[in-house]
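Next, two complexes with subunit A in common: one pairs it with subunit B, the other with subunit C.
Entry: the complex of A and B
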């Protein structure tokens, strides 16, 4: 290529290889961008547009400005969904994360023959299809033939057999939440386990030398080292709650009343049962903006942590 | 517990025994509900009604046969398999190609495209359901299996592009350069040298995309209307709504069949699955 007598050919070849390279790069990125363009970027823009329209899919779309949003914040179902989603996030953070920490810590603290099989078992419930998880929930909580109610009948405990786990306003939320805890806690467990295993041996040995063991070790050494993963888990719990649909929908369809309604369920009902595209799109925008806000929080923490190291 | 341990290992302390006991109890809580369907599935309706908790008297396979016919499990499995394979075929190649370019052909343009794709990882699918549904109507994809697995693939691509990108970055650079010097074109280097080296990432993507597509409920519920196209998960939940928990033995049969592939894949590939799941979370 560095032939001085024929510089034109050299540059022509270079140009050709440069073109080959550009064409290859474009051809490789194109399929991914095409998929995302059609099924993600365009729908995002369209959701924002529709959220300012009155539309039922049929007939003309009418521009109504912020009307969908103002009506949304007067809609008892949407408000119940919003409340439930944040209650769900709150209780996930209060219950699932400490439980996961306890299990992950114990499992990594005493490494014995049970450690490996237990780790596998704890994550097992997480790979089940949600339709099956919901079904198991019904096995347990159903008023007819449910395990808990029949157990009450068998033992003659009327207080138990009379409880309507899925039909009672205040119980339904907790029944669904229990099943969710059963299936979703697997992820924080394996995540925290991996993080605890990353804590260096030196720290552990130094702690042992100083006589810091057991619970003291968990609270004073491990926990301070996990503040970052724990906050990430809290954010993931919150984003997960915003998207919640399958379990409450299949176990209680959001009922009784609005007791287990989520944002996902409200969106589904407005959009695909009442055919109010505009209002459903407004809910979509709310879900998007809330997840965006929490994602930004997560990244800014990540960034701060990066600076600190 | 420690009596038969001999001298070779240190004795278990009281604290360790207590801790392990609690952990095993948690493990049993996870496993117990999964055993229930097997307790019910071999019983007749009558046997179930009177003695739901006893061990089955004999292994009756009738419930599997009845469930198979009642919810047309054969058709359901075929649809679900179609969706899962469609999702794999539409997710893996675009993600592998894009991930490769983002790892090895870095420029301002490719970095921009990378972040544009990465953003997709944070978009909740709930947000775009209405436009997706409208789009499917407009292009004639409503109530078809591609109408389900094409958007699924679009929502999978960002994550797997990220994974492929970091995988290709971790491969030694000399290999590709050597092949280039031997005169292989860009495409050939990718398909014959780099892609085979990325087999672990491809396997992982194959398994996790399969499990996710197989388990999908929400998107299937919206995109599929006709009974003939219903996936296993839709059929299972439909069955649950129609009969409640009354037809438990039959229902248990349907549940076992529809969750078997994911559970079996998990048992075989749990190490990769856990590793792959963590990759997404721990990558920073």
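Entry: the complex of A and C
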């Protein structure tokens, strides 16, 4: 009797323990899952649904199929926004990442008593709220009392004081981009510095023995070792550009004309000013799908190369 | 099990006795305060353009201790954005500050607002202000202050240059040329913010084609018809001649105010809400006057056709349905001489409130002569086309813009959202 009962009790205890563990795991996961579902997945599903509707948010919703999408690709503001975010991504990769590499390498290779304060200074802009950086940007580029305008007037440089940094269609994009470069380069600098510091000392010593120092070391030794993090930064730049809203909105509200409009600004204007929730949702879906595509590229790259490299 | 049941019964018995005793011995409850939550734009502080709101909130609370007032300042565009979201979710406070017009109409159509037509009829106020807070024959709130657009002119500059404030557009062009020759910017504008250039365009369209906007809104005329195109061409010509300075697109509305305040610009076509600041000696040492927009020789519109909008208004929502009496008391106080008397600049729509400054007096005089008051376009058109309207007008400032093509594009959008032109 006892021989038969022993394994039954044991398995019952095991089952109970297993059951308790499952409850514990579920209890741990449930709150996070609930929040994710409520505040992330449900809005995504709702955005997809709304993108097929004509809706002002207040009246009845009318199913319009793909009409919002077809109208979107004829909308000059949306097309300008699409062009601008890709231009932004392109120039971020061309300008911000090489600049970040240059600064990161300088701060890692030429270590002295200024290195630590400089690290803080470069990262500081990244910590500042974008409202503050936008205000600083306006303070620099304002046509009436901006720093550059005043400087030009004081020095008698009419070519400088006559420039309309935020009101000229050709200059506005670059004025906002300059502030963005200052703001957004902090993170890549810190990230690349961490990666550069991970390069084995043996490699550095071997390079020194072979007479590869300074910027030759940067190009022939460091840069090839940073292919993976640089690619990740490029993907992050692209995704960040797709979602860009705050800085151009606060500096130029997307103008003059559509010179600095982004997909985020277009979405905001259609949804909150024009009361076109369906169209705004369609823009949201486009941003989501484009971001998803680049995230998949990033993940597949990580999978191929391995995160630890 | 039995013990548990007995315990439960005992608990219920004791609880019932306690509550019964409590009910018997209770004193008459103190009347609870009615709480009204208001979403407004401005912080009730001591700055000149916030004086009315400060007086309203503090004065009402002192005079009505049985009502608890919670005033939340959300700024601009924070108030508009939050109101829209809250209206969609149907989670709104009792009272919201508003400019009335089509935006308020959208909320009324959705059944979110409280009809106070009968109650508001007993509160004295100007017809223009009452109409601004009404939609489809029903009144939803009050507008203690109403603004009109006109020309703020720097009288010191005009006097020094031997010029007179123009009464026709051709005179205005001569004045602008003379000012430009002296290195003075004829018009402060602030086109970077997109909405400020609308004031002048509304007038130009009116002066060219009379009630062209009313017809376009009623869909019997297109926004790409002659009056709109002619007005746009005049506007573009003025931009090209430099009447708005060398950098109008880089300047925001605040910059335009600074240009006027420092005497760098001679005129500013904008709303009378600027009266408080332009009359304030701490803000500007210039002497500024307010005048009606000139007429065009051979045009249809008259100086008595005025563009206007609610300056400060409030509407009540369905949340206040059970607190109607408190809301009406608040609206009556908002329209009282006591509350409105604190305002240093705006045109008051309440009879008996004196103009607080000579400048407001000038604006009020223009308003009092008005035979027609056209509501500000971007407050009157369907929300789907208002920001594209301001985008379109901003294109007049872009070099070599085809203004006709831009208006054709805008008309297509209007046709899509408000219907095609009725033959």
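As a convention for this text, the second predicted complex is superposed on the first by the 291 of 309 C-alpha atoms of A that agree within 3 Å, B and C clash if a C-alpha of one lies under 4 Å from a C-alpha of the other, contacts with A are read in each partner's own complex, and residues count from 1 in each chain.
Everything that follows uses one rule, which is that contacts are C-beta pairs under 8 Å (C-beta built on N, C-alpha and C of every residue); 3 or more make two chains touch, one makes a residue touch a chain.
Here the structure is a predicted model, which is why all the values come from computation and not from measurement.
Chemist: Could you say whether A:21 touches subunit B, subunit C, both of them, or neither, answering first, second, both or neither?
Modeler: The first partner, subunit B, only.
Chemist: As a test of reading the superposition: which chain, subunit B or subunit C, is in touch with more residues of subunit A?
Modeler: So, of the two partners, B touches more residues of subunit A.
Chemist: Using the superposition on chain A described above, determine whether A:280 touches subunit B (first), subunit C (second), both, or neither.
Modeler: In the superposed model, A:280 contacts subunit B only, not subunit C.
Chemist: Return first, second, both or neither, reflecting whether A:103 touches subunit B, subunit C, both chains, or no partner chain.
Modeler: first
Chemist: Going by the contact rule set out at the top, does A:114 touch subunit B (first), subunit C (second), both, or neither?
Modeler: Touch partner of A:114: subunit B, not subunit C.
Chemist: Which of the two partners, first being subunit B and second being subunit C, lies in contact with A:291: first, second, both, or neither?
Modeler: In the superposition, A:291 contacts subunit B only.
Chemist: Based on the superposed arrangement, let me know which partner A:142 touches: subunit B (first), subunit C (second), both, or neither?
Modeler: It touches subunit B and subunit C both.
Chemist: Touching A:56 in the superposition: subunit B (first), subunit C (second), both, neither?
Modeler: Second partner only, subunit C.
Chemist: Could you list which residues of subunit A make contact with subunit B in one structure and with subunit C in the other?
Modeler: Of subunit A, residues 57, 142, 144-145, 272 contact subunit B in one complex and subunit C in the other.
Chemist: Please give the residue numbers of subunit B that touch subunit A in the complex, ascending.
Modeler: By the definition above, subunit B touches subunit A via 12, 15-16, 19-20, 22-24, 26-27, 29-31, 33-34, 36-37, 52-53, 90, 93-95, 97-98, 100-101, 105, 107, 109-110, 113, 116-117, 120, 122-135, 137, 150-151, 153-155, 157-158, 161, 185-187, 190, 211, 214-215, 217-218, 221-222, 232-234, 236-237, 240, 244-246, 248, 251, 255, 258-259, 262-263, 265-266, 270, 273-274, 277-278, 281-282, 284.
Chemist: Considering the complex alone, what residue numbers of subunit C touch subunit A?
Modeler: 80-81, 84-85, 87-88, 106-107, 109-110, 112, 191-194, 246-251, 255, 258-259, 383-388, 391, 394-395, 397-399, 409
Chemist: Going by the contact rule set out above, which residues of subunit A touch subunit B in the complex?
Modeler: The contact residues of subunit A facing subunit B are 20-21, 24-25, 27-29, 31-36, 38-40, 42-44, 46-47, 50, 57, 103, 106-107, 109-110, 112, 114, 117-125, 127-132, 134-136, 138-140, 142, 144-147, 150, 182, 186-187, 190-191, 194-195, 214, 232, 236, 239, 242-243, 245-246, 250, 263-264, 267-268, 271-272, 277, 280-281, 284-285, 287-288, 291-292, 295, 302, 306.
Chemist: Which bits of subunit A are touching subunit C when the two form their complex?
Modeler: For subunit A paired with subunit C, touching residues are 56-59, 76-77, 141-145, 162, 164-169, 252-253, 255-257, 269, 272-276.
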